[in-house]
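Paired with chain B in one complex and with chain C in the other, chain A is shared by the two complexes that follow.
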Partner chain A sequence: MILRPSADSHRVIGKYTGKILVGLGLLMLVPLICSLVYQEWSVALDFTISFSLCMVVGFGAQAFFRTERDLTWSEGLVVAAGSWIWAVLLAAIPYYLSGHMGSYLDACFDAMSGFTTTGLFVLQDLDHLSNGMNVWRHVLTYTGGQGIVVIALTFLFKGTAGAYKMYVGEGKDERLLPNVVQTARAIWLVSIVYLVIGTAALFVVNLWLGMSPARGFILAAQQFMGAWSTGGFAPMSYNGMYYHSLAAELIIIAIAIAGSFNFALHWAVWTGKRKEIFKNIETITFSISLICLTSVAMWGLIKMGVYEDSLSLARKAFYIIASGHSGTGLTVIYNRSFVTMWGPIAMIATIIVMIIGGSACSTAGGLKVFRVGIFVKSILADVKRSMLPESAVLKVKYHHVKDSYLTDKLSKSVAMIITLFLITYLSSGFLGVLYGYDFTQALFEGVSALSTCGLSCGVTTPAMPDGMKVAYILYMWLGRLEFLSIFAVGGYLYSVLRGR
Partner chain B sequence: METKGPFPHRVKTANKKQSFPSLTAGENWGKYLAGLATEIFFGLGLCLIALIIATILLAMMR
Partner chain C sequence: MVYKRKRHKSYRRRTFEIGIVLLVIVSVVLALAFVKRPINRTEDWINPNIISSIDLVERPFEYDGRELEFIGEAVGERMVRSSLSGGGAWIHLNDDPYMYTNVGSGGPLSGYNSGSAVWVKDVGLTDAIKNYGGYQVRGDAIKVVGVYNMACAQHGGDTDIHAQSLEVIAAGGMSKVPVDTWKLLVAPLLLVIAGVMYLINRRRIRDEIKGLFKRRSARDA
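Our next item is the complex of A and B:
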């Protein structure tokens, strides 16, 4: 028998969601201040309206849903997944008011793309977007990478048992420190140190490229946020091609690769265990698949005769494949070049790396290299087991921060998640075909949305059918939070409607 | 009358070590920056491997 959630359950969900929306409102102060600095008065007004709405909804929810009870597991998951929907609806308001969006749905598309660090966008006339609005796009993607709940945990919570349940609901399940609030703060510490150093490095490159200090700085900050959060938003429509700089590309791709690492790995390396990076199952799987699939893409590109010399070949192929693998989605080629120049081999290699994705408990999406590594180890173990005597016991070890043994339970859960993802990836290809797109192109774009990557072969445009926009919004949400939280929301809604 | 639980002092110390200010304590910054440099050089190392592979593949296929 399914039990209908109690009134107290609604109250606790409402209260915590309200807290998270207050956090979102506070985030809007960043672009608001930026637009005031750049004297963009109408943009500042847009953000004032949006900030006020967040505060009214956030504090209103906390005042209306008063309770002292802490969250249960299912409620924590519902808060995490549900607050992303509320946050997108509110974060889309300044987008919509900017006049650069065709509709409110388009604004929600870009807001979801930002929060989930995807990087696909349907915003029009990007090159003439205000500084305030461009900063908002990048702040969304930077904070979305860490997680909306992580932000709220860092600044707005004193620490409750329910905090961990929301943290898990947001697709992160590893504690860097014993306390979940301090784990959230450690995640922010890593991100902010990277922000300062990465922005400074890109600022120097921008100055060297001849930009004024003000423009060089704001572009550097945006470039960094797009790369570190594996977000893929770029301040200019030419994306990485705008800079024509090998130095900028190297810094950006190194930041993007680091951004796709597990925060638990960052913390281990940062606290002295530097060898961890060479023996962790995630970095090993990532490196092997990155090098192998870059080689495949290069082979395809050489066959197509696209690039003449090894530097151009390595520069383009590695940048795109690493960008796809880390889930960043920054690019140094035109979107349609995937179809018109790169050819099927390089395009399929790009699809595969987007499917594999980055590390668990990171800003990246996709299946996650941890699962792929465990999946491969499980297959190899089964092959080995079949060759051993029946009485033999085979223990398979893997290393992720500490040594662990592969269990049947872990192998099964990994296989289940991989199956669910692969079915959803295929569905995205068929959905595109239903709307009249070529299957490979639709699959490329759908995989990019579901893996929260952001590389595009030209399917995502403002003219894309609304049905596909809604589907991609759901794919991005699903890809970022993974299935657990979404199932929890589905279960919650079902129990509200059908429970007794 | 003694009302404290077991090992009160140790628990208090452990909590203190995990608190936010200790994350940013001065003695940790050297380790943090060395860790950051390790990660960046790891990424740049992968770039270098890609360049070597591109050179070899181009030489082989032409």
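Our next item is the complex of A and C:
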């Protein structure tokens, strides 16, 4: 028998959602201050309106839904998943007010893309966008990469048992420190230290490339946020092609790969366990797949006869494959060039790396290299088991922060998640075909959305059918939070309607 | 029997009421979502280029190595390179409908930006460019003549045009973004309402801020 949620359950969900929306409003102060500094008065008004709306809704929810009760597991998951939808609806407001969006749906598309660190966008006339709006786009990916719940835990929660449930609901389960609020703050500490170092490095490069100090600094901060969050937003429409610099490309890709690594790995390295980089199953799997698929992409490009010299070939192939694998989505070729220049082999290599994705508990999406590593180990273990005597006991070890043994339960859960993802990936391809797109291109784009990668072969445009925009918004949400939270929201709504 | 019928009736009515509320919410959201701004006038737009940037991207093998003329709005900035990094200067020229009127200045929405990267060996040629397009700035319209490279070996495989000549054909300038009057009225009003909501919650917020700074040693449940 399904029990209908009690009134107190609705109150606790409403209260914590309100807290998260207040956090979102406070984030809007960053672009608001930026637009005041640059004297972009119309933009400043847009963010004043949006900030005020967040405060009204957030404080209003907390005032209306009064309760002292803590969250249960399912309520935590519902808050984590549901608050993303509310956050997208509110974060879309400055986009819509800017005048660069064709509709409020387009604004929601870009807001969801930002929060989920995807990087697909339908914003028009990016090269004439204000500094305030551009900062907002990048702040969205930077904070979305950490997680909206993580932000709220860092600044707005005293620390409750329910906080951990929301943290897990956002697709993370690594405990860096004993307390989840401390863990959230540790994640922020790692991100902010890298922000300072990465922005400084890119600022120096930008000056060397010939930019003015003011422009070089703001672009450096945005480049870092786009790369570290594995978001893929770029301040200019030329994306990574704008800089024409090997140094800039190497630094950005290094930041992107670092951003795609597990925060627990970063914390382990920071606390002296440097060998973790070489022992961790995620870094090993990532390295092997990156090398193999870069080679495949290079082979495809050689067949197409695109690049005359091997340095250009290696540079372009490595950048795109690393960008896709880390789930970043920054690019050094035009979107349509995947189809008109790169050809099917390199495109398929890119699709595969997007599917594999980055590490768990990172800013990246996809299946996650942890699951792929476990899946491969499980298959190898089964093959080995079939060759051993029946009475033999086979124990398979793997290292992920600590040594663990592969269990049937873990193998089964990994296989289930991989199957769910693969079915959803295929459905995204078929959706594009229904709308008249070529299957490879539709699959490329659908995988990019579901893996929250953001590489595009030209399917995503402002003129894309509205049905596909809605579907991609849901794919991005699903890809970022993974299935557990979405099922919790679905279950909650079902129990409201059908519970006794 | 009567009790079972009454319970079933109230259950159906509750489901119906919740369904109506959800339907209204979804309808409002969909109506807001699909209301569109007036769509672009791309059919009025005549690209100044015989071979546009879109042609270059769609048929790169056909145009690779060919000399061509390219006209576009200079956007972003000029990036002068030292001799160590190949010398010359990079500019970016957009040949999209925004080159004369961008969105902020009231131009219609016309899709993505589109253009080409241009490398100019003689840096002095780029001194003629006074305005680079951005927010509230319309960039100079520039004509270059040069060789198109699908994957330039000199520049790491980048797609670019190596310009041999450069000419400013129309000066750009400031294009102020007007402030909508309704925003001047709505923004302070909403700010006041937000302030009132904060005051209603202030005691609780004060307690929570105090709680944020408390030493935390407990593990999560």
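One rule holds in what follows: the second predicted complex is superposed on the first by the 500 of 500 C-alpha atoms of A that agree within 3 Å, B and C clash if a C-alpha of one lies under 4 Å from a C-alpha of the other, contacts with A are read in each partner's own complex, and residues count from 1 in each chain.
By definition in this document, a residue touches a chain if its C-beta (ideal position, glycine included) is under 8 Å from a C-beta of that chain, and two chains touch if they have at least 3 such contacts.
Every value quoted in this text rests on a predicted model; they were computed, and no experiment measured them.
A.B. asks: Which partner does A:Leu420 contact after superposing on A: first (chain B), second (chain C), both, neither?
C.D. replies: A:Leu420 contacts neither chain B nor chain C.
A.B. asks: Contact-wise, after the overlay, does A:Ile277 reach chain B, chain C, both or neither (first, second, both, neither)?
C.D. replies: first
A.B. asks: Now for A:Tyr194: first (chain B), second (chain C), both, or neither, which partner does it touch?
C.D. replies: So A:Tyr194 only meets chain B here.
A.B. asks: If you stack the two complexes on chain A, which partner ends up touching A:Pro462: first (chain B), second (chain C), both, or neither?
C.D. replies: In the superposed model, A:Pro462 contacts chain C only, not chain B.
A.B. asks: Regarding the shared-chain residue A:Leu484, is it in contact with chain B (first), chain C (second), both, or neither?
C.D. replies: A:Leu484: touches no partner chain.
A.B. asks: Which chain, chain B or chain C, is in touch with more residues of chain A?
C.D. replies: Touching more of chain A: C.
A.B. asks: Looking at A:Leu311 after the superposition, I want to know if it touches chain B, chain C, both of them or none. Which is it: first, second, both, neither?
C.D. replies: Both partners, chain B and chain C.
A.B. asks: Would you sort A:Met298 into first (chain B), second (chain C), both or neither based on which partner it touches?
C.D. replies: Once the two structures are laid over each other on A, A:Met298 reaches chain B alone.
A.B. asks: Quick check on the superposed pair: does A:Asn179 touch chain B, chain C, both, or neither? Answer first, second, both or neither.
C.D. replies: Both partners, chain B and chain C.
A.B. asks: Is A:Cys108 touching the first partner chain B, the second partner chain C, both, or neither of them?
C.D. replies: Only chain C; A:Cys108 stays clear of chain B.
A.B. asks: Can you list the residues of chain A that meet both chain B and chain C?
C.D. replies: 178-179, 182, 309, 311, 313
A.B. asks: For the complex, which residues does chain B have touching chain A?
C.D. replies: 18-20, 23-24, 28, 31-36, 38-40, 42-44, 46-47, 49-51, 53-55, 57-58, 61-62
A.B. asks: Residues of chain C touching chain A in their complex?
C.D. replies: 11, 15, 18-19, 29, 32-37, 39, 57-61, 75-82, 85, 89-90, 92, 94, 98, 102-104, 107, 109-115, 117, 119, 133-137, 150-153, 155-160, 177-180, 183-184, 186-187, 190-191, 193-194, 197-198, 200-201, 204, 208, 211-212, 214, 216-221
A.B. asks: Where on chain A is chain C touching in the complex?
C.D. replies: Where chain A meets chain C, its residues are 38, 40-42, 45-46, 48-49, 51-53, 55-56, 59-60, 62-63, 89, 97, 99-105, 108, 124-131, 155-159, 161, 163-164, 175, 178-182, 208-212, 215, 236-238, 241-246, 306-309, 311-313, 315-316, 332-334, 336-337, 340-341, 461-463, 466, 496-498, 500.
A.B. asks: Can you tell me which positions in chain A touch chain B when the two form their complex?
C.D. replies: 177-179, 182, 185-186, 189, 193-194, 197, 250, 253-258, 261, 266, 269-272, 274, 277, 283, 287, 290-291, 294-295, 298-299, 302-303, 309-311, 313-314, 317-318, 322
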